[in-house]
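Just so it is clear, A, B, C and D label the chains in written order, and each chain counts residues from 1 on its own.
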Amino acid sequence: MSNLRGLLKGKNNLVVSLVALGVAAILPLFFDPLSNLTNNFILAAAFVVMALGLNIVVGFAGLLDLGYVAFYAFGAYTIGWFASDHFSSVNGGEGFHIAAGEFASNLPGIHLNFLVIVVVAVIITGIAGMLIGLPTLRLRGDYIAIVTLAFGEIIYRFAVNGDEITFGEGYKLTNGRQAISPIDSIDLPGFAPFDSAFSLRPFYWFCLVLVGIVLLVNFRLRDSRLGRAWIAIREDEVAAASMGVPLVKTKLLAYATGAAFGGISGAFLGSYLTSVNANNFQFGFSIFILAMIILGGLGSIWGVAIGAILLSFINTYFIPEVFNEVPRKIGLEFDLTILNFGIFGFLILLVMVLRPQGILPERRRALELEGVGAGDAIEVRAP
Amino acid sequence: MRFNRATALGLLVPALAFGVAACGDDDEGGGGGGGGNVAEGTTLTIYSSLPLQGTSRGQSEAVINGEKLALDEVGGKVGKYTIKYVSLDDSTAQNPGTADEGKTAQNARQAVRDKSTIFYLGEFNSGGTKVSLPILNKAGIPQISPSNTYIGLTTDEPGSEPGEPDKYYPTGKRTYARVVPRDKIQGAALVSVMKEDGCQTATLWNDKSVYGAGLARNIKQSAEQNDLTIENEQGTDKNSPNYRAIASKVKSDCFVWAGVTGENGVQVYKDVAAANKTVKLYGPDGVTEEAFSNPKEGGIPASVGARTKTTVATLGAKDLPGSEPILEKYKQEYNTQTVDPYAIYGYETMALALDALKRAGDKANDREAVTEALLSTKDRQSVLGTYSIDANGDTTLTDYGLYVIKNGQPTYSKKIEAAVS
Amino acid sequence: MSTNTATADPASHRLSDTLREAASKYGLIAVLLALPVYLAISDLISKGNLTDLGNNLVLGLSNGAIIALVALGYTLVYGIIELINFAHGEVFMIGSFVAFGLWGTFGISEGMAVPGMIVGLLAAMIAAMIVCGGLNVMIERVAYKPLRNAPKLAPLITAIGMSFILQNVGILWRGSSQASVPDLINQSNDLVTIGGVVINNGDVLAAAVTIPLVFLLTSFINRSRLGKAMRATAQDPDAARLMGINVNTTISMTFLLGGMLAGAAGLINLLYQTSIWYFQGFQAGLIAFTAAVMGGIGNLKGAVLGGLIIGCIGQLAEFRIGAEWTAVVVFAYLVLIMVFRPQGLIGEETREAG
Amino acid sequence: MSTPVETPSTATGAGKARTLLATEQVSKTFGGLVAVNDVSFEIPERSIVSIIGPNGAGKTTFFNMLTGLYKPSIGRIVFDGKDISRTRPDRITTLGIARTFQNIRLFATMSAVENVMVGQHARMKAGLIGSILRPPKVRGEERSVRDKAHEMLSYVGLATRVHDELAVNLSYGDQRRVEIARALASDPRLLLLDEPTAGMNPQESDRLTAFMRQLREERQVTILLIEHDMKVVMGVSERITVLDHGEKIAEGDPVEVRANPLVVEAYLGKQG
């Protein structure tokens, strides 16, 4: 494992990044443009973006966020609101369009180009991240976990029951479990509109670009003034504050950045799945993403990416396609798919007890999880 | 520091590949769907897509059994074509019991990819059809749902949302049909029954799913036209351990819940029955199943069952003599005493599909011809009664059966004359 | 650890701080009371009676009694090792499943003679308590003990993993939908009606089991040797060890006690709700945790008080705002308490609360 | 006593030095317990001042108030003419107070250099966007901060080969060095050292004593020291404040304090 870690240092990281992204880029050419595998790769890539976002909050800054699904929801609703006919009578039924694709620009409702949506989603989820982070600032450890969990649940209920909250000309906040759909497909200037009925490849490549950007942002943040401050806070909040790190601002930036990644991924998934359904924003999803970063190694960027891909494939491929029949083959009356979350739970437990540093650990986090540092800090009240 | 600049360079690779491929894709565009309208060879595939995990599994299995039975009856062949049947799961562990958007879309794409696809039977949930229909429509694949009742899938009648149904048909051509009457009819049927039972006021709750919320809108609309006062509208949360506080508010003559058993339906009826000892209870086809009605299967107690009536778009044998042999066959084939209404819907879904293929004759491998045959179905004599499919893809059937619960079984009582306006 | 105790209470005690302290403490009580008082006034004005409010409160208290039993398990464990035993709700769920599974074995059914039923149910309850106690001890051994020296978040994460595993056990056992179970005690039967306020069998049952259990538990912890060891371990594990207390055993016993309470709550819940579901533990667990925090986590009386209050808030919210918003109201309370008074109504300040 | 006690020379020479930090009747209570009671004292600019007192006298609590970790219950703390009694710890660091901790609190899993770089946090400008986009300005800042961190580590005497070692892997003495380098990295005007010689042998203590003087001369840093080692205290301090049970019982130069009967009773008496 240490060889592997050495591989990801300095110049080698460049080679690894290039090779990994290059291989990833040509991968779908080997499969049918509509194949399940391509679909699985797209989902995995979207989850990598989310997991890397959560990694900033949990892995870097050490703030256990159990309500990450809220940012998926905010991102998804951003595209639900601003790239569909949800607000159908806007502008007297004519609709409101900014660089919308050819098809979308004749539809009623608000239709913004996906690139605009990404910007809006980053702003909305960033603010949401800070607002949710705000009440947790005075708290530490498990209390943060519970408060974020509670927020996640509250957001989920608002998503489900948002069809009862109306404003303006009878607009609903969300469409609950009846889903806002269809959502505009991604339509980038200079490219043919993406169409998931004909080929999934453009979605995949687009998401891969997102992954690349997010990876780059993660590496840069980790090796920056901000990244050091996050890790310092994770290690020892009191010492960090005494060294001039403003706790409130630094923590809020962690929440906001992590949330923004969730929002980008959420907006992408909303468009890819062509619908925004409150069903998708349940607590289990937060744990699904958390399990990815635990599996990969808290704080380790490559580890988290690998963890996300692995878990996504366990979820979309190995459990339902490969091993689903196993229980029946050994004479048990159930499909493996119903044990999905139990398997995630088991993985979390196993990794945490046997190899808390994850598959591809970050050097420092590995030490910490082996019991070095952290722990008995004195209490400080963040002003 | 250097590797970061390098990482940025690394990003160019996929970006470039992305560009190249996106251009390349234009050439392929036609190949994916457009050219695939005529299946090669003599094997045609019919896909079924239903939630096989979670609470709807029982009903989905009934649909599948019904579909298989209908296929077996023709020996798996129509004309010179052999019919292959593939059953897909549109639910996931994250979204059990209902259609998961991602999985549903992927099922639709799997059908699109398969050049031999001639029919797609599903989804079970109207919410799922909202996802699969546009994809299948683009590829020209005809789709029949065994159970969708949501009004907006086919019409823009009241109860639908703005933009419906056109937004589900990107090609502008209809490719979808259903064998169950849309909610408008069931809403009217339920209201008719309640009026008949002498109700002046009714409490209306729903489970907030596409099905439940849509049906509730239609019940309300029908009630307004028929002088039935709706009180106390309320959405229910499946996760609530009980509904006693809101049940204590039920003061009307009748209570109706637009929802499916899996949304904690049993608890809803138990709590309402306990809080108001005289209220009459009504439910839609979503609760007409043993899991709801049989206390041995975790359903409502017999005392509550005695007060409950449900509606299903299936008539009993006495009002539909033609269905008797099929029901018997089903009971024999699957070794069961009762036939879930969804088994009958499933049977008819497949039967209708096969009928359309038969009518398309030599062109049974041509999706366009088959779709046309489907949508021009006229006066079909079926297990559900005689009906046609109109231009929207809706069945002209308006017959609803009233069911009461006897010995834990939903039991046909009589035909409802629904006051559809 | 020693630095912790030295600085355990950083709350400053200037006059303004004292005022703020009082405001936060009584402010919370005021907020809690504001809702029912407002509803009482508006009911009096619009309907001229308090029947609805009374009924809400009766339901709230009986719901709350069950919540309190679960909350006690959280508070016991938190009190001793400062860990949120996230899987506790699932242990409670397993308690329901075990008890229901034993009905058949013990021949319990609707309409059997009352004395026989009481004996049978007691036996089922004891069995559920033993199973859940054992299960909770096992969870501690497998998921928490190996991580006692790891950062605090590690056992919380394994607790979540455990919670998901147990939910799946529930799914395998009884499937993934809610199922109705026979109403043995005829729970909705109106026992007494006072001025329109109905008290039914279920309400009496919840009170009849919760009150003695809570008394038993508190006196046990106050009087017994184990109780003393628990309190010593809670205050300072190292010192307790030096005093000859077996810390591991004490922790195990705490999990045993918590699990047994969850088992008892499982049976009561079965009789009270007359339904069973693999997911019931998750929801109940979150609500019970809210109750424990509201009362002051680590404080037994607080957990009971918190349970009753949350029960009432839940029912009031359900009745007045709508069933689908109940969870939002309860979780909003959780956030508010965490932010403004993390030590709870009658809790001592904990380090976490800082 | 191998080293003779020197009379410390005041850097400002004649005339009274400007007051850098003053506390005015500061008290701190925890619950019912009074940890610091009504303490007033001043630190002249560019002096070396010690706080001594038996265990539990409230020294560290006092330090924590000066650095903003605790807010005083009563009283005021004035640094360079500004009231900082309610100021956040990081703001106080920015104003020019840096500290070390009694039991070393390095960021154990960061390298020595990274630790010192965190110390410069307040002096850096790169924000979120800058960190992501890395314009030349940010690159330059990052480079200079890293260079300065190396420089600081060398200044406190840490061998170059261990600069990139994880803090946790360093020897005890090196950890102390890194902690001082980290504190110095924020360019403080007042440096608070909490028992810096704890766990050091006499040679190391002597070297540290010399280093403190060097710091004052070369970097114009004022130093406030909590110390148990009387040799260090008497050797380096210009002024000494004695705390006992949270109260100031004596103050003055080493000679005065040593002669104070209260001190002898409360503190030195116990030693003898």
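General observations
Note that in this section contacts are C-beta pairs under 8 Å (C-beta built on N, C-alpha and C of every residue); 3 or more make two chains touch, one makes a residue touch a chain.
All values reported here derive from a predicted model rather than from experimental measurement.
Traced through touching neighbours, the fewest hops from chain A to chain C number 1. Of all chain pairs, the one joined by the greatest number of contacting C-beta pairs is A-B. Innermost chain of the displayed assembly, by C-alpha centre distance to the whole-protein C-alpha centre, is A. Using mean Cα coordinates as chain centres, the one most removed from chain D is B. The mean-CA centres of chain A and chain D are about 43 angstrom from one another, to the nearest whole unit. With each centre defined as the average position of its C-alpha atoms, the distance from chain B to chain D rounds to 74 Å. Computed from the mean C-alpha positions, the centre of chain A lies at a distance of 32 Å from the centre of chain B.
Measuring from the averaged C-alpha position of chain B to that of chain C gives a distance of 41 Å. Of all residues in chain D, those touching 2 or more other chains are 134, 142, listed in ascending order.
Chain B has residues 4, 53-54, 96, 208, 235, 237 in contact with two or more other chains. Shared interface positions of chain A, defined as residues touching 2 or more other chains, are 157, 160-161, 164, 220, 284, 338-339, 341, 368, 374, 378, 380. By the touch criterion stated above, chain B contacts chain C in their complex at residues 53-55, 96-97, 208, 234-237, 239-246, 248-249, 261-262, 264, 266-267, 270, 274-275, 291, 295, 297-301. Across the interface of their complex, chain A is touched by residues 1, 3-4, 6-8, 10, 82-84, 142-143, 146-147, 149-154, 156-158, 160-165, 167-169, 171-172, 176, 282, 286, 289-290, 293, 322, 324-325, 327-328, 331-332, 334-335, 338-339, 342, 351-354 of chain C. Across the complex, chain B meets chain A through its residues 2-4, 6-11, 13-15, 17-19, 21-23, 25-26, 28-29, 32-33, 52-54, 89, 92-96, 98, 100-102, 105-106, 108-110, 112-113, 127, 130-131, 134-135, 138-139, 161-163, 167-168, 170, 208-210, 213-214, 235, 237. Within the complex, the chain A residues that touch chain B are 10-14, 17-18, 21-22, 24-26, 29, 32-36, 39, 43, 85, 88-89, 103, 107-109, 157, 160-161, 163-164, 176-179, 181-182, 191-192, 195-202, 205-206, 208-209, 212-213, 215-216, 219-220, 223, 272-275, 277, 279-280, 282, 284-285, 288, 315, 319-320, 335, 337-341.
By the touch criterion given at the top, residues 52, 55-56, 59, 63, 176-183, 187-188, 269, 273-276, 279-280, 283-284, 315-316, 318-319, 322-324, 326-327 of chain C touch chain B in their complex.
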